[in-house]
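Accompanying notes for the structure given below.
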Amino acid sequence: MPLYIQKYKQKVGLPPGTLVHIGSERAGSSKISHILYSDGAFEEKEVSKIEELEINDQFSGVNWINVIGVHQTEVIESIGNHFGIHKLIQADIVNTKHRPKLEDFDDHIFVVLKMIYFDENEKIINEQISLIVGKNYVVSFQEIEGDVFAPIRNRLRNSSGQIRKRGSDYLAYTLIDTIIDNYFVVLERIGEKIENIEEQLLENPTDETTLEIHTLKRELILLRRSVSPLREVIGTLERGESKLIHKTTRIYLKDVYDHTIQVIDTIESSRDLLSGMLDVYLTTVSNKMNSVMKVLTVIATIFMPLTFIAGVYGMNFQNMPELTWKYGYFFALALMFAIGLLMLIFFKRKKWL
Amino acid sequence: MPLYIQKYKQKVGLPPGTLVHIGSERAGSSKISHILYSDGAFEEKEVSKIEELEINDQFSGVNWINVIGVHQTEVIESIGNHFGIHKLIQADIVNTKHRPKLEDFDDHIFVVLKMIYFDENEKIINEQISLIVGKNYVVSFQEIEGDVFAPIRNRLRNSSGQIRKRGSDYLAYTLIDTIIDNYFVVLERIGEKIENIEEQLLENPTDETTLEIHTLKRELILLRRSVSPLREVIGTLERGESKLIHKTTRIYLKDVYDHTIQVIDTIESSRDLLSGMLDVYLTTVSNKMNSVMKVLTVIATIFMPLTFIAGVYGMNFQNMPELTWKYGYFFALALMFAIGLLMLIFFKRKKWL
Amino acid sequence: MPLYIQKYKQKVGLPPGTLVHIGSERAGSSKISHILYSDGAFEEKEVSKIEELEINDQFSGVNWINVIGVHQTEVIESIGNHFGIHKLIQADIVNTKHRPKLEDFDDHIFVVLKMIYFDENEKIINEQISLIVGKNYVVSFQEIEGDVFAPIRNRLRNSSGQIRKRGSDYLAYTLIDTIIDNYFVVLERIGEKIENIEEQLLENPTDETTLEIHTLKRELILLRRSVSPLREVIGTLERGESKLIHKTTRIYLKDVYDHTIQVIDTIESSRDLLSGMLDVYLTTVSNKMNSVMKVLTVIATIFMPLTFIAGVYGMNFQNMPELTWKYGYFFALALMFAIGLLMLIFFKRKKWL
Amino acid sequence: MPLYIQKYKQKVGLPPGTLVHIGSERAGSSKISHILYSDGAFEEKEVSKIEELEINDQFSGVNWINVIGVHQTEVIESIGNHFGIHKLIQADIVNTKHRPKLEDFDDHIFVVLKMIYFDENEKIINEQISLIVGKNYVVSFQEIEGDVFAPIRNRLRNSSGQIRKRGSDYLAYTLIDTIIDNYFVVLERIGEKIENIEEQLLENPTDETTLEIHTLKRELILLRRSVSPLREVIGTLERGESKLIHKTTRIYLKDVYDHTIQVIDTIESSRDLLSGMLDVYLTTVSNKMNSVMKVLTVIATIFMPLTFIAGVYGMNFQNMPELTWKYGYFFALALMFAIGLLMLIFFKRKKWL
Amino acid sequence: MPLYIQKYKQKVGLPPGTLVHIGSERAGSSKISHILYSDGAFEEKEVSKIEELEINDQFSGVNWINVIGVHQTEVIESIGNHFGIHKLIQADIVNTKHRPKLEDFDDHIFVVLKMIYFDENEKIINEQISLIVGKNYVVSFQEIEGDVFAPIRNRLRNSSGQIRKRGSDYLAYTLIDTIIDNYFVVLERIGEKIENIEEQLLENPTDETTLEIHTLKRELILLRRSVSPLREVIGTLERGESKLIHKTTRIYLKDVYDHTIQVIDTIESSRDLLSGMLDVYLTTVSNKMNSVMKVLTVIATIFMPLTFIAGVYGMNFQNMPELTWKYGYFFALALMFAIGLLMLIFFKRKKWL
C-alpha cells in the first residue's frame, strides 16, 4: 500500500481527461460481466466488449456491469463513453491511486472507494473500486479479480433478502457495505497483531518489537488515508441529496455510515495504543540498561578495593612489617572478606541487589 | 473491553438486517420482564415469550419491557417484529460491539449505550444497553443479568419521586441517567489508581509502575471510545427534536448531558495526568542511572590510580631504589592515601558525593 | 483540587433532584446574610432561616442573599423552594464538584463558577460559587466563609461606583468579575513558580525540579478544567439573550469575557512553557550523564594500559631480560608516563577534557 | 515579555472602570502630539493637556492625536472623557498587559495591538498600542517614546501616497500596517537565530544549544499570544461591519489581514522547526554517549584479559612450571599480543572502531 | 526554500502599494510573451514592453501574457496599470514570499501560487506564480525562466484537447493544474527518500540518518506552508462565485481541488511516517547502547574476580600455605576457570550472551 503515486510524471502536461493508467502494472485484458435482474428475472453473462451489452432503458430492473481490470484505458474509455461519463471521471477510474470521493452528476453518481485486505504475505493490499450508479444500472470497476462480490452475486441469483426487489441504489449500497465490512476483518487482524506485540512487550521485548510497532503504525497511517475520506463520501450519499437514492435506502446508508465512523474510531484508538506501547518499550529498555549498569557497578565496587589491597601486599618493599607477621596473610584475607561483605550490605540497603 | 470486533467475518456478505450475535458467547436463554405502571397502578411479571405480553395501546400508563441476554437472535427478532422495529436496528441490538448512537424514527427512538463497570478482577467490563422508546413503552436490552436497574424498579414499586407520574420519556431518561452515574463510580476508582501510582512514583517507582500507567492509559482510550459518542446522542435527545420527548423532560436530559460532558472532561484530564506521570517516571529512571554511573565512576577513579601505584612497586626490576628505602612502604601508603583523598575532595566539589 | 468526584456512589440510583451534598465534609451550620439596596437605601442583616427574609417583589431595589455553606441540604432546599428553583438546580448547588455552567430559566438564571486561590500550604483550593440571578434578587452560595466578596459589600455600603444605581444583573456581574480577577492573582503566583523553576534549571537542576514541574502541570490541568467552561458560560451571558441582562451591562460582561479568554490563553501558554522546561531538564540530565561517562572513560583508558605494563613487569618469569637492566625501572616509568601523556593529548583533541 | 500580569492584585475588588496602570513602571509625564491634516492642509503641534486641543467636528480633515506614556491615569482619563470613551475602555488603555482586541462602538472603534521589537540586549519587547478611531479623528496610545510612527508622520508632512486624501480609517490602517510590518522584521531576526542554531547542531552542539532552542521556543510562545488574537481583530475590521470603515479601505485591511496570517503561519512553522531541532539534539547526545561507551568498552575488553594474564604469572606459587621455561616470558608476551589483536579484529568487525 | 522573508525591513514605513521586489536577487530583464488564440486562430510573439501589446477587447479569443522575471518593479507596474490592477496587488506580485491567496475583483481574479521542484542539488525550490484572470485574458508571472508551461503552449499550438475552444478561465485552470501536478512529482521524490531512510534504519542506521530525517521533516514543514492555503484558494475558485468562471469549468477545478487535498493528505502522512521513524531510530540507538553496556559488564564481571584471585596469590606474605602446595598453582588455575565458567553460565541464563 504505497503512500506516493509513482509514475505520475507521465501525466504532467497532458490535456485534462487524458486516460493514463496509474498503479501497479497488470497483464491480461479486462473482463466485463453483465447481470440483469428484476424481482422476477435474472440473467448473467460475460461480454468481451461493451458494445455487446444491450441495455434497455425502458427495462424496470437493474443492470449491473462489473469490470475487472482498469489498466486497458481504451476499454474504460469505451465503457465511459457508452454511459456518457465525463472524461475527467474516466481518468479518475484508471488512476488507481485516487482519493476516495463522490461526485454527483444529475443522472449518475460516481464513487471511488478502497478495498482493503491482507495478502498471503501479511501485507495490506489497497485496491481501488469505482462505482457509477445510474437510474437503472450500476457499473463497478475492480483492479484485480477477487471473489469479494461473490456473495452478492449469489444473493441475486437466489433472490435472498430484498435485493432483487429494489433498485440500483440498493445494489450500490450492498457493494459499499461489503467493502466497509471487510475493513472490520482487516482491523480484527491488526487487533490480533497488537495483542501479540503487547504480550511480547510484557514478556520478552526485542529489537523486532519496535519494528513491528513501527510497521503497524505505518499501516494504520496508510489505512486512515483510505478510510477517513469515506466519512464525507458516505455521509453525502446518506443525506440523500441525489434523487437517484430512494428514501427507503437511506436507513441502510446510515447503517454503513455508522460502520465507517466505527472503523475510523478504531484506527485512531489503535494508533493511540501503539504510541503508548512504544513508550512502554522505551522505559523497559531504559530500565534494563539501568539494571545492567547496576551489575557492573556492584562488581567493580566490590572487586576494585579488594584487588587494590592484594596489590599493596604484592609490593616488593624490603621493609613491609605485615609480610613477616605469622597470620598476616589470614589477616589480609579477613580484611578483604570484611570489605566485600560491607559493600554487599551497602548495595542491599540501596536496593541494587 | 476489547477494541476490535471478533468474529465479524461471519457477517460479511450476508444480506443487511440478518441478525448475527456479535460479542462474548453466552449460555442460557433470554429473560423478559414486563412492568406496567401509571400514577395509580403497578404490575410486574416475567414472561418467557414476547407473545405472552399484552400491551394495550389505549392504556395511559407506561410499559417497561426489560430483556436480559441478546445472544438468542430469534428472541430479539420476535420482540423487534412485535414493536415494528426495522431489521437493521434488530441487527444492531444483537451486535454488542456497536458504537453508541441514537436513531429517531417518528414513532420510536432507538438508543445504544454502554454500561461500564469494574468486575471482580479489576478489569473494566463494557456491556451494551439498547433502548427502544415508544409513546407508551420502553424496551431495554441488557447483555447480562445485573442489578443495575434495581433501584429504578424499587422507585416504581414505591412510587418514590415523580417516576410513576410521568411518561415513557422520563423512564428512558432514568435508565440513561443510571448508566451515566455509573461512569462516575468507575472514574472514582480510576482516580484512586492514579493517586496510588503517583505515590509509587514519588516513593519507589518500579518497572510495574510503567505497566500500570500503560494499563490505565489503555483503559482510558477504550473508555473514551464508549463515552465520547454519548455527547452527540444525549445532546440530540435533549434538543428535543423528537415529539416523543416532553418539554418538561428536557431539563432532566440537560442534566444528564452536563454529566456526560463532565465524564468526557475527566477522561481527557486523566489522560493528560498519566502522560505527565510517564514523563516523570522517565526522568526518575534517567536520574537513577546517572547516580549509579556516578558511584561507578567515583570508585573507579579512586582505585584505578591506587592499584596502578601498587602495581608499580610490585614490579620485579632489580634496580628499584624506592624498594630499599627504610620507609619506602609507608611513603607509598601515604602517597596512595593522599591521592585517594584528593579524588574524594574533587568529587565533593563536583557534587557527586 | 481533586479531579475525581468522591462518594458519588451514594447518589447513584436516587431519584433525580434528590439533594446529596458532594464535596469536602464541613461542620457548622450555614449562614445567610441579606443585603437590600437601591440608589438611596441600604439595609444589611443576618438571618438564620430563609423564612425570616421578607422580600418585597414590588421593591425597586436589589436583594442580595449570600449563603455560606451548602452542606446542609435542608437549608439549600428551603431557599431553593422559596425562590422557585428547580429540584435539579438545587441538587447542582449542593454538588460542589459540578462543572461551571449556565442555565437560563425565563425568570432567573443559574450560574456555577469556581473560585480559585492558594491556601496557606501553597495548594490550590477550588471552591464552588453558585449564583441565582432574578429580576430583583441575587442569591449567591459559597462553600466556606471568606472575605472575597467583602470589597463588594463595602462598595454597596459606601455607594462607591455605580453599583447601587444598577440592577441585579450588575451585581451578578460584579460577583463574577471578582472571581475572574482572582484567577489573575493565582496565575501570577504560578508565574513566579515557573520562573523559579526556570532559574533552578539553568543553575542547579535536581530531582525535585522535575517534581515541581509535574506538580505545576497537574495544577494547570485541573485549573483549565475549572476555567475553560467559563468561556461558554460568560459568552452566553454577554450575548445577552436573557431579558434579565440589561443592554448597558453587556459591555461589562464583554470585559469579563475578555479576561476569561486571557486566563485561558495564559494557562495554555504556561503548559507549553512547562513542557519545554521538561525537555530542557531531560537534555541536561543526558548531558550530565555524558560528562560522567567521559570522566570514567578517560580514567579507565589512561590507567588500564599503565596497570597492565606494571603487571607485566611484576611477572615472576626467571628469564625476563628487562628486569636486570640497570635503568629498566626508569625506562618502564618513562614508558608509562609517555603512554599516559599520549592518552591525555588524544582526549584533549577529542574535546573530552 | 512577561507572560503573567504582575501587580494585578491591586485591581481586585475595585469598581469596574477604575483606571489602574498595569505594566512596567515608567517615569516622566505623558506627551501629546496633535496632527491635523486634510488633502490641502497640514498642522502639527505638541500639547501638554488635552484641553488645549481644539477639535472642530465640522472640519473635513483628520485629527491624529498621539499619546506617549499611559502610566499617568489622570491624563488618559481626561483624554478618554474628552472623546466620550467608556470607563472600561479607559481602564483597558492603561492596562498594558491587555490581550489584543477590537471593540466596535457605533461612533468609534477601539483597538488594542502589540508592537514587538528586539531591544539592544536581544530581548523581545512587547509594547501595547491602543487606537481609538472616530469619524474624523484617531487617538493612538504608546507606552514609550519610539520613532515607529515617524515614517507615517513624514508621509503626512510630504503628502506622499494617498494618505492625506483619505479619512481616519486609512490612517488607522496605516498605523496597524506599520505594526504588523515590524513583526516580519522580528521574525527575520528569529529566523537568523534558528539558522545559527541549526549550524551549531550540525557542527558542534553544546549545552548552550538546548538553552538557545528553549529560549527561542519560549519567545515564540509569547509572540503567538500577541499575534494570534490579531487574526480576529483585523478580520473584523476588514469585513467592514463598522460604518467608520470606508469600502475603499477594505482592500488595504485585507492586505494587512493576509500579512497577519503569514506571521501566524511563520510562528507555527518556526515552532515545528525548533521541536525538530531538539529531537536532533537529543539523538546527537545519545549517539555521543554511545561512542564514549564504545571507547570505554574497547579499552576495558582489551586490557582486562591481558592484565589478568600478567597477574597469573605474577603469582608466587613455588611450583609454576612456565616460570622456569627459557622463553616463558616471551611466550606470555606473544599470548597477550595475540589476545589483544583478536579483540581488535572483533571490534573492527562489530564496527565499533 | 527559506521560511523567513529577508530584507523585508526596506518595506517598513513605505506607503502601501509601493512596489518593492522581495526575494532572491535576479539579473537580466523581464521577458514578456504574448499568445493570442481562439478556436480557429493562434498567434505568438515576444514583446519587450507592455505598450507593444495590442489587446482588442472585442476579440472573442483569449490573450495569454506570460511574464518571466518580477524583479523589475517598473515593468510589473506598467503591466499592472495596463490591466487596471490595484497597486496593492502589483506589490503582491513583486513580493515573491507572499502566501498563496485568491482575490476576486469583479472584472478580474488575482491568484498567487507556488511552483515547487527539486533543483540539481536536490534542494526544493519554491517559485511564486501569480495569475491575473480577466474576461478575455490571463496574465501569468513567473520568477525565473523554466519550461513548465511548455506543454500548454504546445497544446495551444496544436489545438490538442479542448483548450482552444474554451475561455480564459479554462486557460487559468490549465496553468493551475500543471502547477499542482508538479507537486506529485516532488512528493514521489520525497517518497523515494523516505523509503531510502527506512531501509537505512533497518540495516545500518548512522548519525546521518537522523539528519536526513530532520531535513525531510523541515522540507515538509515548508512544503505544507506553500500547499495548505491552496485548499481555500482553489476551493473558492471551484465554488464558482465569480462570474468569470464558467459553469463547465467547475468540474475541472473540482478535479484540481481533489488533487490539492490529496497533496495535503500525503504531506501529513509523510510527516507522521517521519516522526515514527525518528522514534524507531531512538530505540535503535538505545538498544545498541544497551548491548555495548552488556559486553562491558560481561567482560568486567568475568575478569575482575579472576584478577583479584591472581592478585591474592601474588602477595608477598611469608606465611602463605597454598604457595608451597605442590599443585597449588594448578588448583588456583582451576578455581579461576570454574569462576569464569559460572559467570558465563549466569550471563547465558540472563540472556546477555
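A, B, C, D and E are the chain letters, set down in written order, and residue numbers restart from 1 in every chain.
The definition used in the following text is that a residue touches a chain if its C-beta (ideal position, glycine included) is under 8 Å from a C-beta of that chain, and two chains touch if they have at least 3 such contacts.
For clarity, every value in this text was computed on a predicted model and none was experimentally measured.
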When centres are defined as mean Cα positions, the distance from subunit A to subunit C in whole Å is 42
Per the C-alpha centroid definition, the whole-Å distance linking subunit D and subunit E comes out as 26
Each of the following residues of subunit B touches two or more other chains, namely 282, 286, 289, 293, 296, 300, 304, 307, 311, 314-316, 320
Among line, ring, star, complete and other, the chain contact graph is ring
So, starting at subunit C and moving first to subunit D, the ring lists as C, D, E, A, B
In the complex, the residues of subunit C that touch subunit D are 150-152, 155, 160-163, 173-174, 177-178, 181-182, 184-185, 187-188, 190-192, 202, 251-252, 254-255, 258, 261-262, 265-266, 269-270, 272-273, 276-277, 279-280, 282-284, 286-287, 289-290, 293-294, 296-297, 300-301, 304-305, 307-308, 311-312, 314-320, 352
Seen from subunit C, its contact residues with subunit B in the complex are 2-6, 8-9, 11-18, 86, 88, 92, 98-99, 101, 103, 207, 210-211, 214, 217-218, 221-222, 225, 278, 281-282, 285-286, 288-289, 292-293, 295-296, 299-300, 303-304, 306-307, 310-311, 313-316, 320, 322-329, 332-333, 336
